[in-house]
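Presented below are the structures under discussion, each in the form of structure tokens.
In what comes next, subunit A is part of two complexes: it sits with subunit B in the first one and with subunit C in the second one.
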Partner chain A sequence: MKLTRRTAIAIAVTAALTPAAAFAEETVKIGYQLPLTGNTAQYGQDFKDAAEIALTKFNASGALPVPVEIIYEDSRSDAKEGVTIARKFVDDDGIVGVLGDFTSTVSMAAAQVYKKAGMAQLSQTASHPDFAKISKWQFRNITTQDQEGSVNAQWMLDQGIKKVAVIAEQTDWGQSVVKGFVEPFEAAGGEIVYTEFFNRGLADFRPIITKLENNTPDAVYTGFFYEDGGQFLKQMKQLDAGIPVYSTSAAYNDKLIELAGDASEGLFLTATFLPTRMDANVQEFVGEWSKTHDAAPGQFPAQAYDAVNIMLSAVVKAYPEITRESLRDALAETTDFPGVTGNTSFDENGEPLKELTKASVSNGMFVEVQ
Partner chain B sequence: MSKSRLIKTGLVLAAFAVVPAVLVGFDKGYYYQIATLAAIFMLLAASLHLVTGVAGLLQLGHAAFYGVGAYVAAILGADHGVGFTVGLPLAGLSAAAIAFLVALPTMRLMSIYFAVATLAIGQMLYLVFLNWVDLTNGPNGVMLFSGINLFGIEIESDLGIYYVVAAVVAVSILVLNRLSHSYYGNALRSLREDDQCASAMGINVTVMKIQAFVISSFFAGIAGALWAYTTGYISPNDFHFSQSILILTMVVVGGLGSLPGVLIGALLLILLPEALRSVGDIRNIIVGLVMFGSILFLPKGLFGEVSALNFARRLLGANWSNDEGQKGIGWK
Partner chain C sequence: MLDPYILQQLAIGLSLGMIYALMAIGFTLIFGVLNVVNFAHGEIYTIGAFAGLMVISVFGPPLLVVLFIALATGALAGFGLERLAFRPFRRFSDEASLKSRAMREATLMSSLAMSIIAREAMEMIFGSQFQSVDLAYLINKPIGIGPITIVNGDLIIFGITVVMLGGLQWLLKKSPVGLSIRAVSNNALGAKYCGINTDRTIIITFVIGSAMGALAGILVGLYYGAIFPSMGFTPGIKAFVAMVMGGLSSIPGAVISAIILGLSESLSTSFMSSVWSDMVAYAFLLLTLIFFPQGLFGARRERV
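Entry: the complex of A and B
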């Protein structure tokens, strides 16, 4: 008993000291807050995997004479934990910049801390319309819905679609999907015949689909993630609605096709990342990813991969005089960064400007629409 | 100095001298954040203690009243320029008012039916936060730019914020302590044990239940306002059902009916996950095991009700009468 307790303490102490001892002083440290457990853990785990691929490649490339280290902290997509982690990162003088969080709400709560302390925060997914506007310290690597909405609006008008029904999930992001689409579409002469929000995880879309059909739109514009998207598309097919569906990059995920099967055929969407694209950097990322995963990477891990690389290239620019201030300035200067989600520049608010690809589902695969 | 005064002084010193001294010593924002968060959740657990622990009403929607307080404070602050000194009591009162309205039809429900009704109320309020976009800004949440402003003095330092939160929480807990250890608290306990018997003794069961529910929600609203003022951004997710369960767990693990117990429970469930951060993903499992173990081996809680009552009586200066013949049963 005595021995085991002593051993246990020894192990605990060793475990606690190892990370501190293993890295030399001059390591550049980046914090990454993300959900590694809880309801959204699957996203956070993917981000971590993508970040590790980017970091390993970077450290092996010798772009910097010192290694870069990423410190991951699990926020469980809980604002309480997100804020606590933010305070922890700010306390660590070695940390010069932060990636994350996953959901907008946690990112926004943590952003209040980073704003006060003066630390650059780059989220791969925070889509809240006000996130990047919080302060000069916030950046994101996800296309805004203003951008996706206007591309989709123009695309539909080009196809001769004049009357559109809009449905989106009841989240900050869903709100921005509707606003981002409706404004340019109406400005260009289109008509919105029906708008509806649904709560995430809705099992039965049929009442919404029936109401939608009664308004006889030429097409439906949707703001959903793949889980809800799968349900919606299946029930559209069951009810034989026969209305073309347009969507955003959030629906872009192989699991959508898996869930919806045939019903996903002919879905139109905008995306920034297509794993089938033959560009060298895309194929390198997909190749590395496939070593440890069964499926090709989706949009979000690709955004995380690029976010990490954007941060790392800012570190290179700021080196050797890296401070939180100089790293922020280097991030803000990012122009045409060649990532797997297309070329990225930040505007004066820290919003990314990206090129969007038009895609559709054909024979069970996402293909680029020329 | 009597033992009771010693304990009281000790607790006050711990909250207002020892903890701040340690915080200043470390000078880490991280520790300030945890201390503030722990204080807020101690108040949440203490307020739920009154209705679930003392009065025995299983309340599954406590986080919703926490949310009402947070939203009132944040919306008043962000859109109408109402500061901390007015916003804080208004947040509590609004939560109490809504609790009163929903209590009227539900208080006659018994046991499990009442629990399900509070579950529904919690969910309804959550959906209101989420879907009443014009008022609550829906899923976008509310950003509150003004911090804590006390009579014209902007409290910005971490230490100052801790002191304000600790003071509000300490006063609230003091009130809850007096409520649960008094004739009033005993009357509530009698409802929990046998409400028909209590009613036969002349206690107005429904009125008492409504009062306990409203008071409990008032303090949950105060806790919500503290969360809004200290974080600067709130969204519906902060007040989800899972938070109600977290608070309920604090009460059960700490000890149903025991105020010191639920405070320890709240501290444990806020501090333990943070202390275990370094072990990685399995920390949730360890926290779960600790909870499971404490229910299994300490079903009355970490600090059970009987010990808590003894402790409280001693604090109030009353002791068991220990006369020789055991004739004078009860308190001196």
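Entry: the complex of A and C
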């Protein structure tokens, strides 16, 4: 055989590429779809930071002989983008499992792709009641609004509150907040005097607040995130409404107190994560987070941190025979995973079973209500 | 007697209207002269708010100083915007290029491009979340008047809108600068032939209009305590609708339309879900275009 220059180059190139290819095959790849730009970018950025903390710690721990890699894709909280990313992840044979997305709407759109292709999808925040029911491939690490709503309903009734106004953002998630609360509350004898939805990012809540006051409720139950929450609370105080406000874990964020100041005093909400809790893993996460952030982590980054860790521990369980199928089964078997948001197990639908903490704002801090 | 509920909604609507008017003034001024929509006005508004915010967090000066710095930043931004997005596409040398739609549409695109660049840059630098504002600077201290509640910001914004409107009318009607602005807006080529420096006049218009836009930005930012990179978008749309309703180039018309818009939005919440209140602006836009193509106050007035 005559060794031509072309063959020589081909051999050299092959030799150079082989170790890299072999190495690439050994890395376990996980996809993460999340909004890194657009008007929900701040949440996605937090997820990414939390995921990096979890991943760095995991890869340094040597729990697996090969490194795990997370591939981030920016969905801009846009359902169309989310589906495109899902197709991309599914087409990449190296990816064995997926984390994300942020909103229920995008997660549910992408879920159809994962359902068809058979890829486990673990969302840290999609709390729409129907998300986990889509197929056996969907999991989440956030309590649903059905759970939060019934805890809040009972809490209010215990305080002697009978007439409630309900306000939520006009999204799949907002609808589920209202439904999750109204059903148990009315079943237990409460009365809903006013229901209103608003567009996310609404600047002026005062027309709604005025109308709300006109219905004289004992309390308001709200489904909003911290930015809308800050605006709502400030304007409630401005109009001197004097009506207690209850909310969900979505409003739980130190930024809420920063934005609303005094107006946030006395806000009641349910949450799964309090950075002030003294458990060792909570303090470890808060410590790592504080190295790169000014504020303590809110509930969302904590949920992302746990979701990544749950995924990683499933990878360990499935190793070395990691396929999309075996990773899903390993995820489904998760029981009492000791995360920073409490112990997590998945039920047969991929729903997490967690305990909710009742909290309220007092002297500019979220404190546990006993 | 009206019941307090309606009175309160009217008061809120009036304050919403004033906020839209504040933005619509600068917007309409620039349109009146150039006959093109300045899509970057919303970003000038945001830049004003951010400039004010930075001054507050670094130096913490009195409110009046903050407002003047926002004003100055807006003037500077307006100057830069004109230089980058409008001047390169301007040809006042002959009748044909003056009437060319392609020329006008080019600035539509270039101002849109500038607005996207500015917004994305602010998102990269500051992040897209609400910035924390020193709560002491917020102009939302409640003032009770009988059964209704307004805030000190309403009075400040009302005062500034009146001063801006009055000052602008004086400037346009009585001063030599105003005379040249009106001349350029009436017939740019004719003005040029009469020896008016059209380029300079247009720069001045941009500087004044953008300074007002930036002032609106910091005022509204402090009114709501919400300063973030995409804050200019919604008020930009409302200002645009007010401008069209007011007859495209009439500043008092735009202000009156802005107040009508604010009142309708606030009252509409009483009759339908708040989700639909944004639709009010678009419905007004559509109705105006169908039934009053000249705008509600457009037909009989001089431009600007």
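One rule holds in what follows: the second predicted complex is superposed on the first by the 346 of 370 C-alpha atoms of A that agree within 3 Å, B and C clash if a C-alpha of one lies under 4 Å from a C-alpha of the other, contacts with A are read in each partner's own complex, and residues count from 1 in each chain.
The rule is short, and it goes like this: a residue touches a chain if its C-beta (ideal position, glycine included) is under 8 Å from a C-beta of that chain, and two chains touch if they have at least 3 such contacts.
Small disclaimer: the values here were computed from a predicted structure and weren't measured.
In the superposition on chain A, A:Lys234 contacts subunit C only, with no contact to subunit B. Within the superposed three-chain model, A:Thr84 lies in touch with subunit B and out of touch with subunit C [touch as defined at top]. Once the two complexes are laid over each other on the shared chain, residue contacts for A:Asn199 go to subunit B and to subunit C alike.
Touch criterion met: A:Thr105 reaches subunit B, while subunit C stays clear of it. In the superposition on chain A, A:Glu26 contacts neither subunit B nor subunit C. Of the two partner chains, subunit B is the only one that A:Asp74 touches; subunit C does not reach it.
Looking at the shared chain after the overlay, A:Gln170 reaches both subunit B and subunit C. Of the two partner chains placed by superposition, subunit B and subunit C are both touched by A:Thr37.
Taken together, the two complexes place residues 37-38, 170, 197, 199 of subunit A in contact with subunit B and also with subunit C. On subunit A, the positions that touch subunit B within their shared complex are 15-16, 19, 36-38, 73-74, 77-81, 83-84, 87-88, 90-91, 103, 105, 108-109, 111-113, 117, 128-130, 134, 170-175, 197, 199.
By the touch criterion stated above, subunit C contacts subunit A in their complex at residues 5, 8-9, 12-13, 16, 123, 127-130, 132, 135, 140, 142, 144, 149, 151, 224-226, 230, 234, 265-267, 269-270, 273-275, 277-278. Against subunit A, the residues of subunit B that register as touching in their complex are 28-30, 32-34, 37, 127, 130-131, 133, 138-141, 143, 231-235, 237-238, 273-274, 277-281, 283-284. Put simply, subunit A touches subunit C in their complex at residues 37-42, 45, 170, 196-199, 201-204, 206-208, 210-211, 214, 227, 230-231, 234, 237-240, 255, 258-259, 261-262.
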